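Presented below are the structures under discussion, each in the form of structure tokens.
Below, subunit A partners subunit B and then partners subunit C, in two separate complexes.
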Partner chain A sequence: MSVLELEDVSKWYGDVVALNDVSLDLEAGLTGLVGPNGAGKTTLLGLLTGQLEPSTGRLRVLGEDPWGNAQLRERIGFVPETLSLWEERTGRDHAHLAADLTETGTRSAADDWLARVGLAEAADRPAGGYSRGMRQRLKLAMALVHEPELLVLDEPFGGLDPVGRREMMELLTDIDEAGRSILFSSHVLHEIETLTREIVVLVGGRIVAQGDIHRIRDIMDEHPHKITIRLGQPRELATSLIAHDDVVRVRVSEPTDDDPGEVLAETRAPDVFYDRLRDTILEEGYDIQELLSPDDNLQAVFNYLTKGASE
Partner chain B sequence: MNANLALTRHALREAFTGRRRIGLALLALAPALLGLGLRRWSEAAAEAETTFVLFVVGVGLVVPLMALFIGVATLREELMQGTIVHLATRPVSRGQLLATRMTGAALATWLLAGIGLTLVFPAIGHLDAELVGLTWLVTGMASLAYTSLFALLGAFVERPILLGLGYLVGWESIVAGSGLVFRKATVAYWVRSIVDQQGFVSGGLFAGEIVDPATTTTAVVVLVAIAVVAGLLGTLWFRRREITGSEGG
Partner chain C sequence: MTDAVYEPAYEAYEGSRTSRLARIGAIAQRGLAQVGSSLWFWVILGVSFLHIAVRGAVLQIGAQGAQPGATPFSASFLADALLSQARFGVTFVLAAVAADVIAEDLETGGLTFYFTNPLTKPGYAAGKGAGPFAATLAVTAVPVLVLWLLAVAFTPEALYPDNVWLLPLGILAASVLVGLVTTLVVAAVSAVVGARGRTAAVWVGLVFLLAAAARVARGVADNADLLLIDLFDALERTTHTLLGIETSPIPELGAWLTVAGWVLVSLAGLTWGLHREEVAG
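Up next, the complex of A and B:
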């Protein structure tokens, strides 16, 4: 069964369109929702968790309409983006309240989750003194006290330092491995890439891509792929590269006293290009100092998709 | 713990958080401090002074003000601070959420005002068990009706404290004591009816005897009805209200 089904869902606030005719079908598993700030990610998650009502379209979460559906929320855990907590209340108070408001959650489960997210020692301190990382972890514990089938997180890495990010990623990996479906949003692609290959890309209120990161990259391969080669003899290498049909463009920066030269090549067949480049380097004995391809990671896919969608 | 109990307890605790706690404590102690002053000023202070402090100052002024400060904050603060999302995404209905908020806020007002007004008795040095019972009854009824109304006000309008003060001074205090038919459209008329029916003086900011007081039973029913109607109106609105991230920061 699909975890999420959206059919032509739109959401607007007055004249502002936050989501525009979005259709989506998500199976169980760990999925990343990626998009720049203002893309509509929080609106989409708000619709899925019943905080917002769609302006048009049909929406199903675990087979049910989430708007006004309190019972469905027994099956969903939500970690909101806001860091707001009840400042004078302890972490344990927060987790216990979260458990008390569910049928399946218990206070002992809440204590267990506090320990699992690393807040056992700080649980009896007022939340007002919690760091951003502790707040994120507390919100995660609150969302999990009733062992929901679906966990939805809005920017769970927001404001976390590198250690906090790593800990949060480990927690999410554990939760995923326990068989729970997870949908989380982020505008930092590296975070999503580290956790999952399944992504939904949302830009300007529209879904511009969905599926396996590598499949989305295949789409990229139909478009010129940029490769930068820093070496002492850029003009010679450029002459060699431009002779091939798959290379659509070559730009040369001559060496200076401070910098080596640089060749920026654009190719429609990156795999062929790399094989040939390796052979050329070996045959001609070029002194390659650096080889970069900004198109080699998801960031490039994202940049391409977001640029294309906004044009 | 049952969800309704947990939410009510949460609302009760939240009523006394932050800087509001000090203001509310001072407000609660004001009648007792006034009673102490009266006791020092007049050795003969007894029932008349006690009922004046309890019903004119306490029920007529302190309870509505306390209900205003607690009531407007009860939902408004959660909405403004963004903590409402932690409640609204739990498996509880919006109606439950609002009803328990109002109940918790009314309980907070009742308990604080009731304790504050009970301290008037030792402060003045006049203890009357019947009067203590009446004080808790009237304070409870006034807390329920006023807090529910102000909770609604806090959720709907931008400057609820200012509007609430205007309502108390401009409508409740003046109209309730008048002979106008509109007097029955005030909370004060029904609250003061309970006190007047027991043969005590009541009043508000502009104290005076009320015209044609209702029976105690009618007054209690109407005050409960005011709270229920406020709760139903609030629920109708809150059920359709969307929780957006922008109000939470």
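Up next, the complex of A and C:
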């Protein structure tokens, strides 16, 4: 039986079409939903989690219509991208609130999940002092307190540094191995590839590819992957990066009084690059303030796929 | 419910389940704690009891020299205290503790969190409104019931008003009505404005502008019915009705219709605010 079934589902806001005639059938397991910003990923997740009503089409999640179905939400855990947490409340209070709002969640399960995501020691501190990685892990714990069958995550790696990304990936792998179905979105293909081979590519509100990621990667390898790293010592990091064959280009912006410095790197092997970057940061103790993967490069791949799909 | 869909390793939950009421109660409990931790709430409550203490003193002084029929203890005396508390105490306490409850969730993405849990929108609104509603009772029903107790204690039994033992029920009913309606209006303003920090100003501005507009309109047209432009004037008339007072210049039916109109408009605003993302994307 399918976890998700969509038949000719469309969603529009006024004149804007967010999803256009999407049909999809997903089995249990770990699936990545990839697409550039504005592709309709968040709208699709909103439909799947019952926050939005489809304009047309038929939608089934775990065999049920999610729209207005509060009972179905008991079987789904959702990690939204937009939730910015309540700054004064502790992590434990967040997790307990999540447990209190469900039928099957308990406060002891919430405490257990806080420990499993590595927040046991920080649980009684206000969430306002949490790093981005800790916030994401807290949101993950909040989504799991009621032991849902399906876990849905919207951009779970957004804004995380390499260490945070690795921690989140390890957690998702563990959750997948425990038997839950997981659907997560990302606009960075590399992130999805690390976790699963099953992907759905969404561009301009349409599904342009679905299936094994390696076919997509073959196309992507023709395009260098751009990564922006903001830190206080850009020249030192750039010198370290350019020494490797997979790095085709590095551009440095020096720090100013208002802004930290920036390194824009282009690589043909993002997997290797990210692993090496993580090790370099840990070894050299660089103070990374932000790590971004601009859409331009990925957009080119999506454009290619879109063109290919329409031919 | 259909068959469960999961991988073999997944173990479905088989323990006890939390009721819907308890889940709404969890939101309410946090709202009450938030009210309790608000400095402004305690300041306004303190001022409310000062106000009641002054009226209690007036009552005692009046009772000491009262001739039959001249005692200040009456339904009108309590209604005046209640309405003063409603117009000022409720207005400011809601500005302090209620204005941002929904606006904050709209800004922070909290609504997505709540509504991707097994919670309905009415359940969410009820939970969020419980704390502010309790705060309105704390500055209306509680001090005015204390004033009633003082009046009963200070006034000779022979001078009690006829409906003395029904007055607490009237006070409670009027306070509940004021609290429910005003909490709903503030919740709607919070959901429509949708930005922290602005809702309180919109709410307080709305209260005082409408009060001023009602008085100007009444003066110009020499028609007491125009006081119904103001929500609190309508609530004044309903309070008089609930306390058995028949002397208000405002028409009773018009007052109830005005209150009902505010409730309907507020429900529409609240519904729109909570569904705005479904409409706008």
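As a convention for this text, the second predicted complex is superposed on the first by the 214 of 311 C-alpha atoms of A that agree within 3 Å, B and C clash if a C-alpha of one lies under 4 Å from a C-alpha of the other, contacts with A are read in each partner's own complex, and residues count from 1 in each chain.
Criterion: a residue touches a chain if its C-beta (ideal position, glycine included) is under 8 Å from a C-beta of that chain, and two chains touch if they have at least 3 such contacts.
For clarity, every value in this text was computed on a predicted model and none was experimentally measured.
Novice: Should the superposition on subunit A be reported as showing a clash between subunit B and subunit C, or a fit?
Specialist: clash
Novice: Give one of first, second, both or neither to describe whether A:Val16 is in contact with subunit B, with subunit C, with both, or with none.
Specialist: Touch status of A:Val16: second partner only.
Novice: Is A:Ser84 touching anything from subunit B or subunit C once the two structures are fitted on A? First, second, both or neither.
Specialist: In the superposed model, A:Ser84 contacts both subunit B and subunit C.
Novice: Using the touch definition from the top, say if A:Gly50 reaches subunit B (first), subunit C (second), both or neither.
Specialist: In the superposition, A:Gly50 contacts both subunit B and subunit C.
Novice: More subunit A residues touched by subunit B or by subunit C?
Specialist: C
Novice: Could you look at A:Ala70 and tell me whether it touches subunit B, subunit C, both or neither (first, second, both, neither)?
Specialist: In the superposition, A:Ala70 touches subunit B and subunit C alike.
Novice: Applying the touch criterion given at the start, work out whether A:Ala243 contacts subunit B, subunit C, both or neither, answering first, second, both or neither.
Specialist: Once the two structures are laid over each other on A, A:Ala243 reaches no partner at all.
Novice: After superposition on the shared chain, which partner residues are touched by A:Val163: those of subunit B (first), subunit C (second), both, or neither?
Specialist: neither
Novice: In the superposed arrangement, which partner chain does A:Glu177 touch: subunit B (first), subunit C (second), both, or neither?
Specialist: second
Novice: On the A-aligned overlay, A:Asp100 touches which partner chain: subunit B = first, subunit C = second, or both, or neither?
Specialist: both
Novice: Between subunit B and subunit C, which residues of subunit A are contacted by each of them?
Specialist: Shared contact residues on subunit A (touching subunit B in one complex, subunit C in the other): 13, 49-53, 70-71, 73-74, 76, 78, 80, 82, 84-86, 97-98, 100-103, 142, 146.
Novice: In the complex, go through subunit A and note every residue touching subunit B.
Specialist: Residue list for subunit A touching subunit B: 13, 42, 46, 49-53, 68, 70-74, 76, 78, 80-82, 84-89, 94, 97-98, 100-103, 107, 139, 142, 146.
Novice: Going by the contact rule at the top, pick out the subunit B residues touching subunit A in the complex.
Specialist: Against subunit A, the touching part of subunit B is residues 1-3, 5-7, 10, 13-14, 17-18, 81-83, 85-94, 96, 239-240, 242-245, 248-249.
Novice: Spell out the part of subunit C that touches subunit A in their complex, as residue ranges.
Specialist: My answer: residues 1-13, 15, 17-18, 22-23, 26-27, 30, 104, 108-110, 112-120, 277-281.
Novice: Could you list, by residue number, the parts of subunit A that touch subunit C in their complex?
Specialist: Going by the criterion above, the answer is residues 1-3, 13, 16, 18, 28-29, 43, 49-53, 62-64, 70-71, 73-76, 78, 80, 82-86, 97-98, 100-106, 142, 146-147, 149-150, 177-181.
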